[in-house]
Each structure stands twice: as C-alpha cells, then as structure tokens.
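What follows is a set of structures for review.
In what follows, subunit A forms one complex with subunit B and a second complex with subunit C.
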Partner chain A sequence: MGQLLVNGIVAGLLLALPALALSLTFSVLRFANYAIGSYLTCGAYLVYVGNVVLGMPLWLAAGAGAILFAGIAVAIDWLAFRPLRDRSSVTLLVASMGVAIALENVIRLFAGNAPRAYDVPVARPIRLGDIRLNHEQLTILITVTAALAVVWIVFRFTRLGRMMRAVADNPDLAAVRGIARARVVASVWMISGVLVSLSGVLIGLDANVEPQMGWTYLLPVFTAAILGGIASPMAAVAGALTLGVAEELATLVMPVHYRTIVSFLLMATLLLLRPWGLFGKRWVTK
Partner chain B sequence: MRATGLEMRNVVAGYGGQPILHRVTLSVRAGETLVVVGPNGSGKSTLMKTAVGLLRPFSGAVQLGDTDVTELSAPARAARGLAYVPQEANIFRNMTVLENLQVGHEFVAPLNGPPFAERLESVLGLFPEIRAKLRSAAGHLSGGQRQMVAMAAALMPEPSVLALDEPSAGLSPRNAELLFEVIGRVAQSGVTMLIVEQNTRLGLGAADQGVVLVAGRIRLAAPAAEVLADPEIRRLYLGGA
Partner chain C sequence: MTVYLISTLTVVAIAALAGLALNLQWGLGGLVNFGLFGFYMLGAYIAGLLTVQGVPPLLALLVAMIGVAALSAASALISVRLSEDYLAIVTLGFAECLRLVISYEAWLTKGMLGVAGIARPLQDLWPRGFADTGFLGLSLLAVFIVYVLLQGVARSPFGRLVRATRDDPGVVEALGKSVLSVRVRVFAVGGAILGLAGSLHAFYYTYIDPTQFGPIITAYAFMAVVVGGRGSNRGVLIAAFTLIFLLEGSRFLIDLVPGLGASELAAIRLFLVGTGLVVLLIFKPDGFGREPRSALADRTSRL
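Right after this comes the complex of A and B.
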C-alpha cells in the first residue's frame, strides 16, 4: 500500500508539470492546447540531442532544451495561434490538433520511430523500509517539486506573476490597468514550454523517448487539469496528484493495463457534474 | 498632476459591424466632470468602452489632452493617464485587495511618480473602510466595498482622467451617496471625470456638464444643472415634472 502511494505520487508529479502548463495557457488564452503531448515529445527529443548526440550531462541538456523549447513554443504561437486569437476556443483547439500532428511528424522525420533512452548511469534503487524508490523516481520528485515551487513563487510574489493572474482573472480589466496582453501571452508560452519540456525529459527518463510518448500522456494530462480545475493552474497540480494516486490504487482492484480507464471515467464524470474541477473556481466561457 | 481633457468626435462604434453609437461628439474639459445619462440600451457602456480603448470605433476620433488616441490600445491609453472603472467585473476577484491596488499602480504609474506606499496611504485616506480588508480576497467583499476597491485601484497611479461606468449600480442608496461624496472629492482634486450613470439625479448633481444619450445619439448636451432642469428629462428619468 505504501509503495502504491509512493508510485502514485510520483506518477502524479509526472503529470503535474504538463497539467500546470495546460491550465496556465487555458487560463490566459481560454483554449485547451491539444498539442501539449507533442510539445512534451519535442522537448524530450531536444534534450536527447543535447544529452546523447552532443554528449552533455543530462541536467545541462535538460536546461538548454527547456530554454530552447520555450522559444519554440513562442514561435509556434506566432505562427499558428496568434493569427486566430480572436476566433472561438474550438477553432484554436482544432489548430492545436494540427500543430500536434505536424510536430510529431517532424520528430519522426528526423528521429525515426525507434524508442531511445537518455545516457544515464544505471543505479540501484534506494530502500526506505518496505518502500523502494529508484533514482528516476527520486529525480522526478526533486525536479517537479522544485519547478512547482519556482512557479508558485513567480505567481505569488512577482510582477510577472501578478500580470499573468490579472489577465487570467479579468482580461479587459487587466488591459485598462496597463497590462499588455501580448507580453503576458509570450511569458505564458515560455513558462509552459519550460514546464512541458522538463516533464518530457522526466517521462523519457522514467520510460523511453519515442514519438508516441506525448500521446500516451495526453489523456491523463487533460484529466488531471480538468480534475483540478482547468482555469486554476495550481489546482491542476492537486488534480495531477489525485489522478496519479487514484490510478495506482485502482491496480488493487483491476489489472494494471486497465488503469487508463480511471482517467476516462474521472474525466467523463467531472465534465458532466463539475466541469470547473474539484479544486478550481467556476469560470464561464463567453 | 496636469489636468487633461477628453474628447470624442463623430464617433461611430458598435459590435460585429452593427453601429450602436451614431456620430457621437462630446468633450470633457480639463478638470471638469461630465455625466452621461440615458435609458438602458442607449449605448452608454459602448461609449465608455470606446473612450478607454476596449472598443475601436468604426469611424471618428478620441482625443486625450493633445494626443489623438483613437488607434491606441487600452494599456497605452492607461499609460497616458486615463483610468477606468467598469460597471461589472471591476476587480480581480482572485487577488487580495492589496494586490488589486498594486496591479492598479505598477503597470501604469510613471517611474518618477510617487512610490506605491505613498499612493496607498493617499488612496486609503479616500477609502478608509478598505484598510482593514487589505489582505482579504477581493471576490469576498460586499458590493459597496468592491466598488470602493475598484475606484481605489483606478486612482492608484494618479490618473489625470477617470472614467466611471455606472458607479452606483447595485449599491444601496446610502452607499451610492457615500461613493458620490468621494467622487466629488476626487473631482475637486482636479481629476477630469467622464461618468456614465443610471441614477440621473445623483449623477448630474455631481457634474459640471451633462449629456443625454438616447438610442446611440446625443439628445442634449448642456451644463448639468440645465439638463437636470429640462422638463422632458425630468419627466422621463426623474419620475415627474
């Protein structure tokens, strides 16, 4: 049971960064970025190039990859989403599907379909009583917690954080208080680019780097974000942890390979009964 | 602070290609208060949004002081000293009162202007009731308190022009009177004011100039006392001659 809980928390933390990124872009731009899975894959491959092809240590490759992908996320916004900014959220959702397909195929074109692994030493798991924690899990725990702490501090205590929260809360009022939306949008894409890229590395570390990895995580990431409250970024983190633990505990009563059904059931139930999420605030689409 | 006027010339504006305002011209002289009254649906809020830059007019011009701001965005107009309090959704509900005031100040106030702490004290002097609520979530305040926070946030950067959309909406008669007392004090300090108001008597009572807007057209523009004394206005909006 303790082991399942630990595994669940780590699985939840893996979902936390992309769920946070998804709900951050949703809260400011009011559309669900379906390309988030491909962003994650793209980030993971960029870091693979740094780590394996260029021989950088993984931490350095992850940092460089995250910064590079933040720029790519802003560029994608300029090319694909910015021209559609005044259209409905459905139009933007469809555009993001197009971006997802394009990105994934660019990756396949250059990297092929074979799964790849980062160049990291194999190490024995750490034992704490009855609980086993392998090094990848420890890396996930530390990296995600640190990233979440940084995001929380930025949200709460910085000028940039207040800008983002103001635009998410009330875009018209933010405009008349002197906040230029374009700057906030660029910052939001950069932050979500960094978060998604980092999560791509962690998922690649936990399993493999392969072109499908983003798709595998798309459903749980959306579920986690909706579970928390898609318009409330920090609540998405709570949603991710809840989903991670729920999926892991579900293996007590059902075969392991069926656990994805937990995501489906949770998402369907929430969308019917509580579309603003378990921890989020009610929001209204215009 | 140098007083600045606000002018709209032949403004045609609306939504989705449909005009709501038809060649509206009005001018608020520097340091004066102009109140726009009119029935529901007459285009008062459209006029306000066009003035502050949330809505681009189809044609016509908006001028702030000596500058034509027609093509400027709302943040750019705010940076030139135009502050706005919308009728609804006029606070950041998920932020504390203090954060609302901070956001009111930090993106607009001139770099060489008075620091935040100084402005905060000055604004809290106008609205002493909100001092005890600075750490509260703004979304949990009562309607009257919310209106005060919204006004206070707009006044934080020492604007030269203040635009208020229906400030008394949703307030009790007592709170509306209190709010207009503060509006009077702000006006006396030299801030130019453009106010859209449903409470004709209260609004025009606080104004230098009055404008009656009906179906997107200006029906009457005159000194506020004259508008208030106009028999037709009295009959239509004040319940009797």
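Right after this comes the complex of A and C.
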C-alpha cells in the first residue's frame, strides 16, 4: 500500500510539470495547447542527442536541451500561434494539433520509431523499510520539486510573475497599465518549454524515449490540468498528484494497461459534475 | 497501374467519407472531433466482427452505423455543460479508450492478432477479377449518397440552426432552441457517417487490427475540411480527391527514390499534413470552397 502511494506520487510528479505548463499557457493565452505531448517528445529527443550522441552527462544535456527547447517553443509560437491569436479558440486548437503532427513526424523522420534509452548507470533501488525507491524515482522527486519551487517563486515574488498574473486576470487592463503582452507571452512559452522538456527527460528516464511518448501522456496531462481547474497553474500540480495516486490505486482493481481509461473516466465525471475543477474557481461554465 | 489506381481511389473515397463527417461536425457545427479515428475504428470493428460471425455485410454495416452514432452522441453528452474546447479533449480521450479496449479485450476483438476474413457486401454481383472495381463503385456510391444527404442537411432549416449554434450559441439559446440537442444530433449523424467509413475500411481490407487506426485518419479528415473550406461539402470532396489522392498516391515514390522507406515516407507525408494545416489556417482560413449560404446571410454577415 505504501509502495503504491509512493509510485502514485512519483507518477503524479511526472504529470505535474506538463500539467503546470499546459495550464500556464491556458491561463495567459486562453488556449489549450494540444501540441504539449509532442513538445514533451521533442524535448526528450533533444536531450537524447546531447546525452548519447554528443556524450554530455545527463544533467548538462537536460539543461542545454531545456534551454534550446524553450527557444523552439517561442519560435513555434511566433510562426504558428501568434498569427492566429485573434481567431476563435477552436482555430487555435486545430492549429496546435497540426503543430503536434508536424513535430512528431520530424522526430520520426530523423530518429526512427525504435525506442531509445538515456546513457545512465544502472543502480540498485534504495530501500526504506518496506518501500523501494528507484534512483530514477528519486531523480524525478528532486527535479520536479525543485522546478515547482522555482516556478512558484517566479510566480509569487518577481515582477515577471506579477505581470503574468495580471495578463491572466485581465489582458486589457494589463495592457492599459503598460504591461507588454508580447514579452509576457514569450516568457510563458519559455517557462513552459523548459518545464515540458524537463518532464520529457524524466519520462524518458522512467520508461523509454520514443516518438509515441508524448501522445500517451496527452490525455493524463489534460486530465490533471482539468482536475486542478485548467486556468489555475499551481492547482494543476495538485490535480497531477491526485491523478497519479488515483491511477496507481486503480491498478488494484484494473489491469495496468487501462490507466488511460482511469484518467478518462475521472475527467468525464469531473466535467459532468465539477467542470471548474476540484480546486479551481467556478468560471469556465458557459 | 490500374490496380494501383483503383486501390488508391478506394482509400480516398473512404477518407472522403470521414472528411464529410468531420465537415458536418466541425465545419457546420463548430464541434472539434479530435477522436475521429476512434469512432472510425469502432465502425470497422463492429462491421468486421459481425460479418465474421456470419451476419450479412449490409446488415453489419447498418448496425455499425447505428452503434457509432449512439456512442458519438454519448460522448457529446459528456461535455453538456462546457464550451466546445472541452469536446475536443473528451472525444480524444474517448477514442484512446476505445483503442485500448479493442487492443486488449482479445476475447471479443481478437486483440492485436486482428480480425481476418471479413466478407464484402454484394461480392457475388461482380464478375470474376473485378471484385475491387465493384467495391470501388460501391464506395463511390456511398460517398455520393452521403454528399447529397449532407447538402440537403446544409440547406435545410436544421442546417441553419446548426450554423447558428456554431456562430453564436447564446443567440440560439435565447431563441428557445436547445444547443445541447443540436450538438448531440450533429455528433450522432457525423458518427453514423464515420461508422459507414469504418465499415467500408473493414470490408475493403478484409482484415483489421488496432495498428491500422491512428491519428493519421483524423489528420486527413482535418486536412480535407481545412483545404475544402469549412462547411463546404463540395470543397471537402474536391480536396479529398486531389490532395489525399496525391498524398496516398505518393506511395509509389518508395520504388523511385533510393533510401526512402515506408516509414520515412509516412513521416514526411504527415509532416506535410501538419504544417499544411497551420499554414492554411493562417493564410487561407476559409479554404478554397464555399459554404452554402442564403443570399441574405451573404449580404449581412462577413466573418
């Protein structure tokens, strides 16, 4: 039982960063980014190139990859999403699906379909009483907590964080008060680019790096964000942890390959009963 | 060469049906269905499994259409209280779950082994050696019937109501019409067409397994609608029979270009579809077709 809880929390932490990134872009841009799954894959592959092809240690490759991908995320926004910003949200949804398909297939073209693994030493799991903790799980725990702390500090205590919250609250009022929306949007994409590619690395450590990895995480990430109330970034983290534990506990009664179904059922029930999220405020209803 | 042309045309006809279904749901109704491939897959499996059990193919086709229509309507119901954005993720989740269930419930669906030996409808009608040509004729007939029906829907009062819910659900609600019922009906009709397309897929290949169904089916349908112009059935048909024909026809390049494998070609094709979608949405958002509108609507509204 304790083991299940630990596994669930780690699974939830894996979801936390992309879910945070998703609801961050949603709260500032009012746009649900369906390309987030392929962003994750793309980040994981960039780090793979640094780690295995160029032979960097993983932490260095992850840092370089995350920064590089932050740039790519801003570039994608400039090329694909910015020209569509004034159109309906549905147009943006479809455009983000187009971006997702294009990105994923660039990866398939260059890297092929075979699963790959990072170059890390194999280590014995740590035992704490009855509970076993892999080194990968420990890495996930530390990295995600640190990343969340940084984002929280940026969000709460810096000028940039105040600007982001202002634009999320009321873009017109923020513009009147002299906040440059373009700068805020660019920094939001950079933050979410870093978060998503970090989570790509962690998922690649936990399982494999393969072109399909982002696609399989798309539904759980959306569910986690909706659980938290999609427009409140920090609540998405709580949503991710809830979902991770729920999925892990569900393996007691369901086969493991049906995890996605757990996540879908949770989302469907939530959308029917509490569409503003478990922790969110009541505003999304239409 | 003729064999090749016939097989490509059949695949294109089936893709055109999926495009027409999406055009009703998204083009006319404004409801994004990212899970299109799941409903299509469900249609293929219902038709395939029933036919293998000895049910006459045409009856199996009918059951598939009704079944998919019912499940589509149910998935639209989940997002009762929400805006269209949520429908996209709900349909996607629904499709993923369908694919998982079909892949793992081997007692029902034969799992990853796939269903083999599916009989085609009206197979005895064609002379020997013309089975594929006959089936192509049948698929084209299906496309034609669906096209005529959808044109009818688009011009009918119900079509106007659907367009109105797309453009401003608030106004429709204020006029005393139920937006929810419109959405559910649009999804049901679209689902029936997707069931038809999926069944034809199963009949054509006579063998289905879960790997045949993926987001590429959704991608083609979106491409057809975006190129053809949202709401224009004729545009969707033209887009399908030119663009998807070209994309599907590019398979012969494998023999001509050295070093190009099937998976690379598939990746290039999908990359083109993805970027094409974004480029078109930016530079030609209305596509190349035109939605049928009344003269009054033409004068008063410029979107």
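FYI, the second predicted complex is superposed on the first by the 283 of 286 C-alpha atoms of A that agree within 3 Å, B and C clash if a C-alpha of one lies under 4 Å from a C-alpha of the other, contacts with A are read in each partner's own complex, and residues count from 1 in each chain.
Rule of thumb we're sticking to: a contact is a pair of C-beta atoms (placed from the backbone, for glycine too) under 8 Å apart; a residue touches a chain by one contact, two chains touch by 3 or more.
Only a predicted model underlies this, so the values are computations on that prediction, with no experimental measurement involved.
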item: Clash-or-fit label for the pair subunit B, subunit C on subunit A; value: fit
item: First, second, both or neither for A:254, with subunit B first and subunit C second; value: neither
item: Touched partner set for A:53, first subunit B, second subunit C, both or neither; value: neither
item: Contacts of A:142 with subunit B and subunit C, given as first, second, both or neither; value: neither
item: First, second, both or neither for A:75, with subunit B first and subunit C second; value: neither
item: Partner chain(s) touched by A:180 [first = subunit B, second = subunit C, both, neither]; value: first
item: First, second, both or neither for A:172, with subunit B first and subunit C second; value: first
item: First, second, both or neither for A:120, with subunit B first and subunit C second; value: neither
item: Partner with the higher number of touched subunit A residues, subunit C or subunit B; value: C
item: Smallest separation of CA atoms, subunit C relative to subunit B, angstrom; value: 9
item: Subunit A - residues contacting subunit B, complex; value: 159, 162-163, 165-166, 168-170, 172-180, 281
item: Subunit A-facing residues of subunit C, complex; value: 26, 30, 32, 34, 78-86, 88-90, 92-94, 96-97, 100-101, 104, 169, 215, 219, 222, 226, 263-264, 266-268, 270-271, 273-278, 281-282, 285
item: Subunit C contact footprint on subunit A (complex, rising order); value: 32, 34, 79-80, 83-84, 87, 89-91, 93-95, 97-106, 108-109, 112-113, 215, 218-219, 222-223, 226, 255, 257-258, 260-261, 263-264, 267-268, 271-272, 275, 284-286
item: Complex interface listing, subunit B residues touching subunit A; value: 52-54, 73-75, 77-79, 83-84, 86, 89-95, 99, 102-104, 106-108, 153, 157
